[in-house]
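Below, chain A partners chain B and then partners chain C, in two separate complexes.
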Partner chain A sequence: MGGNEVLAERARNWGRFARSDAARGWLLVSPTALYALLLLAAPLATVLAFSFWTQDFLDIDRTFTLNNYREALAEPLYRELILRSVLIAGAVTLATVVLAYPIAYFVSFHVRPERKSMWIFLITIPFWTSYLIRVFLWKVILGFNGVVNTSLQGLGLIEEPLSFILYNPNAVVITLAHAFAPFAILPIFVALEKIDRSLLEASRDLGESRITTFFRVTLPLSVPGVAAAVLIVFIPTVGDYVTPRLVGGPDGLMIANMIQTQFLRLNNAPMGATLSVLAMVTVGVISLVFLALLARWLRVKQ
Partner chain B sequence: MKSPIIHLTGVHKYYGDYHALRGIDLDIAEGEFFSLLGPSGCGKTTLLRTIAGFEDVSDGTLLLDGKDMEGVAPNRRPTNMVFQSYAIFPHLSVAQNVGFGLRRSSMSKEAKARAVGEALEMVGLGGYGNRAAHALSGGQRQRVALARALILKPRVLLLDEPLSALDKKLREQMQNELRRLQRQVGITFILVTHDQEEALIMSDRIAVMFEGEIAQLADPQTLYRRPATRRVAEFIGMMTFLPATVRGQEVEVAGLGRAEVEAEQCPGGLSDGDAHAGIRPELLSILFPGEETTRRVAEGVVEELTYYGDMTYYDVRLEGCERPVTISMKNMPGRPVLERGAPARVAWDARSLVIFG
Partner chain C sequence: MKGRGLYVYALAYLIFLYAPIVLLPIFAFNDSTVIAFPLSGFTTQWFAEIPETPALIDSVQTSLVIAATTAILSTGLGICAARAGAKYDFPGKRPVLGFIMLPLVLPEIIVAVSLLVVLLGLGLSLSSWTVILGHTLICTPFCIAILNSAFGNLDPSLEEASFDLGETRFTTFRLVTLPLVMPGIISSLLIAFTISLDEFIIAFFLTGTEPTLPVYLWGQLRFPQKIPVVMALGTILVASSVLILAVAEYFRCRGIARTGGKDTGGFL
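Up next, the complex of A and B:
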């Protein structure tokens, strides 16, 4: 009898839990939580684990070691690749945000309200084709006999085809800046849209011209959007490997290409994992420093 | 009247096909508290924004302090504005907001800080300088907006419905403060409002606007007592309109009776035939039992009443008139509140009538 009572008690408790807000909450988040666990947390944990193991011919030696990190940090090639990745990603971010701001500004301030969504839609059209195809298109545009060179030669502006625009870091910057433009335009556009237009009128009313109003009101108020754009562009471009592989040439290769090589060519998954972790840590540290500096700058302005 | 600080002649404003301002002629004197009053969409805000320079004049001229403002940007006009939304810069502190317009001035840093402190003191926000702008209440934002505009010592301060977002108590307090502030600084204030009571309380003169035109331009008392048109009369305060017949100087008002009227009681002129007689609720009174009067008396029945505490508003149906008249009575000791259906004797004067053709 006692056992039955315990079971009944449990069933009652379960019934109460199933009807509670907590149960409903768990039910609601479980698909996303499961997704995050399986597809984000688990692979990350695996990569982290691999970075402490050693490749032993075809097997993995699962004893904990920091050798990979020692080796990776001692090897100048890896350091140079990470530095180059950060510099290229920085250049891409700068170019993208500087070019995206005027576009976002134009759509937000000079397009009639009923047309804005159409403009945003048009800006996202490049996403309709594959990333790979867009990179190949840039090869056609920037190539030795590409659109740019033949046009400039046809116009008589240059004698020899320009060689600094393909198979080097410049090409990587141009291609990535184009690919990531919508990612920068959208957050800046949203930040500009949120600015109360009467603030701009107030600034004009208080004696500032259009230009000084931009620097005293519009720009500071759009900083959150710019910061979001910087992070959204910088973080993925550091780890990009398709673009450097296709248009970067030998000097345009980045850390992701080395990680790919470690995993697939050199059959050294632990070293690939170690480089991945190092790249992640670098990106994380740079992003945090950027956010901290931004927060401090905003506080100083206050 | 002192020399006009603002002078408008034949000002028109078109938005595409929409005719927002239809020939505004207006002089506003230096140091005046002037109100633009009207329902939404009447063009009062457009007129204010035209003076500020945010809208250009489609036709006509606008002189500010004797200078033509054609093509002059808002930042080069001697006007400052308090916006309806207050437009407080959220990324700046209170002091930075108030000192925003001082950047170009030649004052020293210390002088600027002192001016900001004085401006904040003037609007009752002394010591609030270091607060973040987003941490302010509605009333405080309003004061910051005022200080920010007044610190630049404009020739004209433009106020775009500055009190409409505040609750009733705070609004009444700010109405008094604005009036006091205006007397203190002596700057011309132009207030846009849709609240007739606010306009009456605060202004030296009021322009009532309908559909892009000024319907009447007068001081509060004239506006209330002698509205120029029936529409103005309906917009300002409460007025009952009774059918009337005009013969010569004599008017036969339904329910009230015969009366002789003066020319000034007939803003549209007096012509024989059908007309309407307007009368304010407080100019009629109910005679309670035992009260006698030398005024004229009409008989009626209480149809509806609304009790406000200090006042009771009665709708009384007079004999021989379909439409009830509204009468307001002060509630005083010994004066009963009549019930629905009670007979009522109504005292009135011929001078209280306004006749509209």
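Up next, the complex of A and C:
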């Protein structure tokens, strides 16, 4: 009996031993890590390599050159597409986060705890339905004979159908702001849920009004959620392909459309790779600058 | 007072969220090939045309096979990572897990393009398998996010009790851990399935001769006379997504109740 207990104790100690923990952890995580290494790191490295190569019809010339970057940065069309993608994604992010905040606040602070799940479920349902069909339906809503125009004409508010709401960047912003709504609501909601409610009571007890409490306590404490929402919306929208193609018209096309054209239509993989790298770098730099400014602002606040 | 104003705003916002979805059944049952108002009449003709379109049926089958395979692969990979993250501390844990989660914040077009370049470079021909590889990559982070809460809520004393009662590491996992996290696994499978079923851009780049359903739909959107059938199909898809998600949510809540944890809400 005693011997067994000692053995069991020893086995437990061995299990808690840091090195074996590390070994077990690495062993267990390795299939997933290996998969990500092979199918994410290696492909991204390949794209980077391609951006320094050139293609002559079907032959890839593997001599190192910066010509692709020179061409990409000199060509006004590419520059404009990258700039437009960033501006549209910025507008989408602003609209989505500003519209989402009150909803997250409402669900977190004004909905009874047992009904919160239901509200979150209601908000996420439209997000899980076919993205393609949703974007197409926005085309139906915003179109010449669409829902908006026919109802406004029916009400006698306008004579001619509005043309500024489809086949331009406005339409892309509206459609993407709809598509990414849950991505903004959920992180803000989680951040608001984490706020200790007694802090708000303390603020009220110390003589702050409801509104000043919101601006001085609730809003600053929810900043991490807002920051997460900004990045989660901004990064994928810069590279969106479907929405600009379906509702953007010629002036609403974005960088992803050009990347697709380079790869699948013009058969110029190196230029497609170069534009991909430039898009990634732009997104990365903007995200890092955003995070740095945020960190600085938070430090100043403290 | 303030709560009332927010409530009205919340309802208005829900109308905005549901606006496109509500139109779907309206046009699916509308007796006209023109997708615009005013409506002309009621018909179920578009639903009847679905089974008579072989290309559509094929693409649905391709998508279902891809989605099911993706769900199993990404949930398997997700279990490894979530379990390792919840149970063990090892050097480099945060960077490794962060790297695995990277596809969440990478534009999908980049993932699609980079995989395409590599697969073509290796001389592999595009097929359903190449789509599965891409989908597994982007679904795994979602699976990990769901499974993290399942493994995180697990009380370690239950496993220790099992060891003390003489079970081995493997039998403990099978008899104690697995049943406790099973609801999380099921909801992870369903989420990965749903994401894969709906994913367009990676499938668009990596699909071979057999298009997935979104790729097929993309082609159909160019032909106005085909659109009512797409609407009918969309209606069916919406109804089934809602059903799948309701089931997933049910299992997730039950899992939380089973491990005695607190509901932290939502899939993310």
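Assume the second predicted complex is superposed on the first by the 279 of 302 C-alpha atoms of A that agree within 3 Å, B and C clash if a C-alpha of one lies under 4 Å from a C-alpha of the other, contacts with A are read in each partner's own complex, and residues count from 1 in each chain.
What we mean here is this: a contact is a pair of C-beta atoms (placed from the backbone, for glycine too) under 8 Å apart; a residue touches a chain by one contact, two chains touch by 3 or more.
All values derive from a computational prediction rather than experimental measurement.
Contacts of A:Ile123 after superposition on the shared chain: chain C is touched, whereas chain B is not. When the shared chain is aligned, chain C comes close enough to touch A:Phe263, but chain B does not. When the shared chain is aligned, no partner comes close enough to touch A:Arg296: not chain B, not chain C. By the touch criterion defined above, A:Asp196 reaches chain B but does not reach chain C. Once chain A of one complex is fitted onto chain A of the other, the partner contacts of A:Arg70 are absent, as it touches neither chain B nor chain C. After superposition on the shared chain, chain A has more residues touched by C, the comparison being chain B against chain C.
Within the superposed three-chain model, A:Pro220 lies in touch with chain B and out of touch with chain C [touch as defined at top]. By the touch criterion stated above, A:Leu206 is placed in contact with chain B alone, chain C being left untouched.
Overlaid on A, the two complexes show chain B and chain C touching no common residue of chain A. Those residues of chain B lying in contact with chain A across their complex are 52-54, 73-75, 79-81, 83-85, 87, 89-93, 96, 100-101, 103-104, 132, 148-149, 152. Against chain C, in their complex, chain A makes its touches with residues 8, 12, 18, 21-26, 28-33, 35-36, 39-44, 46-47, 50, 99, 102-103, 105-107, 110, 116-117, 120-126, 128-134, 136-138, 140-141, 143, 145-147, 150-151, 178, 181, 186-187, 189-190, 193, 210, 231-232, 235-236, 238-242, 246, 256, 259-260, 263-264, 269, 272-273, 276, 279-280, 283.
Within the complex formed with chain B, the residues of chain A that make contact are 196, 198-199, 201-209, 216-217, 220-221, 298, 301-302.
Listed in rising order, the residues of chain C touching chain A in the complex are 2-3, 6-7, 9-10, 13-14, 16-21, 23-24, 27, 34-38, 76-78, 80-81, 83-85, 87-91, 93, 96-97, 99-100, 102-111, 113-118, 121, 133-134, 136-137, 140, 144, 160, 163-164, 194, 198, 200-201, 205, 214, 217-218, 221, 227, 230-231, 234, 237-238, 241-242, 245, 249, 253, 263-268.
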